[in-house]
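Following this line, the structures themselves.
Shared between the two complexes below is chain A, which has chain B as its partner in the first and chain C in the second.
Here is the complex of A and B:
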């Protein structure tokens, strides 16, 4: 019975199936609202789903000078680690696997999909992918520092008995007592920093230096076609879900009605709102950063915001 | 299991790859106009892909110059199946006013099979959308025939 419940967690909710469906829905909302902001009709909300299934039906071409095994395995490694990450994030108080150090585990697991893109790109042997890989590395270095600072600040705010916590469960419980951390004035800079980290982590428009479509033809993905490309596109959608769910757990957690299914729905509504605010709005109003601008922006402005929060939480 | 879903999706998510084979840029501008907010081809799922590996529909404009011929043929070969080749404007079918030039080796149908031709010099955006919509239907048929 125990194993059966774990299997349901991994395969259905909040694992593979749910993450896929909700991720594709978020990506569809993002594209539709972006189009409305640009005074276009826009694609149907199901467009990312159509894209995914179409790509599954396409031929997979492996370039002659590619490292075949790495080239084909990379997208699946990325997808699996994302599904595992989804299990550690509480959605409306429902957390499949929890422990002492959720945020540290999430930090490590979230690095794997980005590395999978880098490995896949390097294995494809294309010069465009080479440029994209080096840019992706810069963008990983850019967002990791502010992300760690944000997690530390929130962990300190949810400290119990003087110990900074790394447990998302405890962060949720403390928020049930004190109200969502978004309303705590000390943590507002950290929330803004997190809203800027989300699009960079996901690789959404103003920060998508690694996959710049108009400059380097989607960088590491340039040689991919068919099912592996579909899996990479799906990973991108699931990343949107995971990062917004992480924001919801960190800053909008603890909103509880007593009924689990209602809590989950409220959390998912929050996820959608966070997607619109952090990804769609920035995509609609901003042009893409250059690589060095991105690095500078994240290590000064965004890290600065997170650091201000950390200091405030620690001493005020 | 998902065969029907994949077949239906084939017509709903056509990604374009545009090759300029010596065009005067007139057709290219009209193709871009199709993607602007006024005509918004994205509502039908069209998206401009940066690389032939991601494309479903290859749009060729221009009278195929001697320099571009090998590249056009090679690029079209790189597109994964099922794929559709669309010619944009009169040039790729007849070489138009460039016919007889020492540097023009068109028309395109000497080298690859063409599925849809969009006429005009340059074609109106409405005509381009019509031609691309026809191309998506051919894409779906090709997908069905492959199975």
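Here is the complex of A and C:
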């Protein structure tokens, strides 16, 4: 029985199947709403799903210059590590595998899919990918600084008995006692910083310098086709789900009605709202940053916001 | 085995290496015999130390061995002692593993060189010197071994005499290294003048009663001396030259092992002898030095164009982590630092060996000239990736676990002391880790991936005898990352306990009750307890990974009908996309990467590369300034 429940967690909810479906759905919502904001009709919500299945059926071309094994393995490693990460994030009080990974571990686990894209692209041997690799890495450097500051601020706010924490369970429990951290004025700058970190981490417009289609033909993905490309696209969608779920756990946790299924649904609604606010809105109103602007913006403005929160939480 | 038997093991381990060094010279030009002798020497040392794990690590015994049976008379330790507690054994094991792997690697690796007999003599002298330092219980003997080690290392740095860089690096090393050696010698002399003994245990017992300005000076000198040997900031530039110019198999020792003796010395001096780590000022000082080393060296590494110089800067950056963590003076901090020390030896050793493999196969380590080697050397590329992921702290490899412990230790320290400064130390650690990742992506892109220059069309994978030691190190990297519980229970935990257990160390040498009689204040730390504030379970992560992998595999098998074919014929369709034009050689190499980052920090990076002028005089000036500052700091705050 125990094993069966674990299997359900891993394979169906919130693991492989759900992460896939919900991620693709979020991507669809994102595209549809973006189109509406720009006064277009936009694609159907299921368009990313159609694209995914279409790509699966296409021929996979391996460039003659590529390091084959890395080129083909990278997308799958990225996808799988993402799905595993999804299991560690509490969704509305439901934690599939509690006590196995804390916030800092998730920060590092989220680097694996980005690395998969980087090394996959690098292995393709394309100069476009080379430029993309360089830019993707700069965007990783950009967001890690504000992200760790946000995590420390939240960890301090969730201190219990003088002990600061990295533990996601404790962050959830403390929020049940004090109310969601988003309502704590000291943490609002951190929340804003986190909302800006999400699109950069996901690689969404306007922070998608690494894959800028109009400049470097999707950078690391330029040589990918068929199933591996489909897997990368899927990873992108699942990342949206994980990052918004992480935001929900850090800042909107502890909203309970007493019924687990209702809590989960509320959390998923929050995820959708966060997606719209942090990704769709910024996409609609901003043009893409240049790569050095991106780095400067994140190390000054966004990190500054997060640092303000950390100082406030520390001393106020 | 009884105590009577294994008490001889430490001295035999040291002897094996030194005797090996002489026998190697006697073997003349007989290569096979020489290899057998060298291999046997390092294996004997490794085995003897491995046999000590049970009594020392698990049962917690402390082995004291008086050379020539000169035991203490009337409470004064006159004879020379070897004293092995869990901390010494920890460093000894780390040394033995790195020495063994690198020795087997170099059999093939130095085939292309002349003077191979001299190589193994110096190599074993270096190994023996390092082993002597970590197992010794006598301050002056530590100094002697330090000199043996330094001179062997200088000789090995200049081993490729046809290379002018190597000769220059050896000269710098000799000059700046002598600052460290003189500091240690002067510090030892002052301590001897005050305490009339050179035995570590007895000095440790006597110092609290004799703390006067002379002793403060002695502390500052010893600290700087060992700091110089660990290449901490601002002694780091010589490391870059020396690691870069020495043969890779020697760089493994200089970077992975030699620097650890400096760390070991700092632990012995500040936690054991003077027990100054209880002071907030000393903690702040060490953490500051650690953070500066960490950050400055990682940014310098991002600027490098040579594989091995880049690795050299990283090795100081990692030493920065270790010093920061040790400076926290909490059980978790010490454990994290020690864990990172062993991990650093493993992954940095692995990376230097892969750099050696690239040099062996292509004849260069210059990043701009290489590219696309993963197709010709797939195993070396895989090994490089394991090493790169380990050093950048990607779960589930070993670097992640120790860094994660360090983050927790610093953040915990922040909440204990209420000082936000330690939280910012956590931030510096994380940022350094990201920059480390960046510079290894640079190496990956410029050496193993991307496009391959035509001249490397005939490059071959390195021979098996070089790959086996690399695979062993890679396996250890994975093991220490995936099984942290075993490591903590059997290795790190006892070593951490030993760092704090100076009364036990004193009693083991001077007889039961000696510590209690001389020391009233029995310490600044209660029982070591490893309290973590987060959670990370690598085994379960791996299990979940495998399950999901199986599920994805199953899905892709079931959906086979839909799947398109995989194609990689060498025709124009499969050439790399080049904006619609005919493709040409266009490799994005190291100099082109991370422009967005470099552009924003150009002021800082420009200043830094100007400051690292390569002039020996400058570096000596830095070293002397550091010595002066440390002495002043100690007088002001100790």
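The rule is short, and it goes like this: the second predicted complex is superposed on the first by the 314 of 316 C-alpha atoms of A that agree within 3 Å, B and C clash if a C-alpha of one lies under 4 Å from a C-alpha of the other, contacts with A are read in each partner's own complex, and residues count from 1 in each chain.
Convention: contacts are C-beta pairs under 8 Å (C-beta built on N, C-alpha and C of every residue); 3 or more make two chains touch, one makes a residue touch a chain.
All figures in this text were calculated on a predicted structure; none of them were measured in a lab.
Trainee: Based on the superposed arrangement, let me know which partner A:166 touches: chain B (first), chain C (second), both, or neither?
Mentor: The answer is second: A:166 touches chain C but not chain B.
Trainee: Which one hits more chain A residues, chain B or chain C?
Mentor: Per-residue touch count on chain A favours C.
Trainee: Answer with first, second, both or neither: which of chain B and chain C does A:204 touch in the superposed model?
Mentor: neither
Trainee: Give one of first, second, both or neither to describe whether A:217 is in contact with chain B, with chain C, with both, or with none.
Mentor: A:217 sits against chain B and chain C alike.
Trainee: Quick one: is A:59 in contact with chain B, with chain C, with both, or with neither? Answer first, second, both or neither.
Mentor: both
Trainee: Figure out whether A:267 sits in contact with chain B (first) or chain C (second), or with both, or with neither.
Mentor: Neither: A:267 stays clear of chain B and chain C.
Trainee: Under the stated touch criterion, which partner chain does A:50 make contact with: chain B (first), chain C (second), both, or neither?
Mentor: first
Trainee: Determine, under the contact definition given at the top, whether A:39 touches first (chain B), second (chain C), both, or neither.
Mentor: Touch partner of A:39: chain B, not chain C.
Trainee: Is A:226 touching the first partner chain B, the second partner chain C, both, or neither of them?
Mentor: In the superposition, A:226 touches chain B and chain C alike.
Trainee: In the superposed view, which residues of chain A touch chain B and also chain C?
Mentor: Residues 53, 56-61, 128, 217, 222-223, 226, which sit in both footprints.
Trainee: Can you list the chain A residues touching chain B in their complex?
Mentor: The contact residues of chain A facing chain B are 31, 35, 38-44, 47, 49-54, 56-61, 128, 213-214, 216-218, 221-226, 229.
Trainee: Which stretch or stretches of chain B touch chain A in the complex?
Mentor: That would be residues 2, 5-10, 12-13, 37, 40, 42-45, 50-51, 53-54, 56, 78, 80-82, 143 of chain B.
Trainee: Which part of chain C faces chain A closely enough to touch in the complex?
Mentor: Listed in rising order, the residues of chain C that touch chain A are 372, 374-375, 378, 381, 385, 389, 393-395, 400, 404, 407-408, 411-412, 414-416, 420, 423, 426-427, 430-431, 434-435, 437-438, 441, 444-445, 448-452, 533-537, 540-541, 544-545, 547-549, 551-552, 556, 559, 562-568, 570, 573-578, 586-588, 592-597, 599-600.
Trainee: Which positions of chain A touch chain C when the two form their complex?
Mentor: Touching chain C: residues 7, 10-11, 15-16, 53, 56-70, 76, 79-81, 83-84, 87, 97, 99-105, 107-109, 111-112, 115, 118-119, 122-128, 130-131, 133-135, 137-138, 140-141, 144-145, 148-149, 152, 155-156, 159, 162-167, 209, 217, 222-223, 226-227, 290-292, 294-296, 299, 310-311, 314-315 of chain A.
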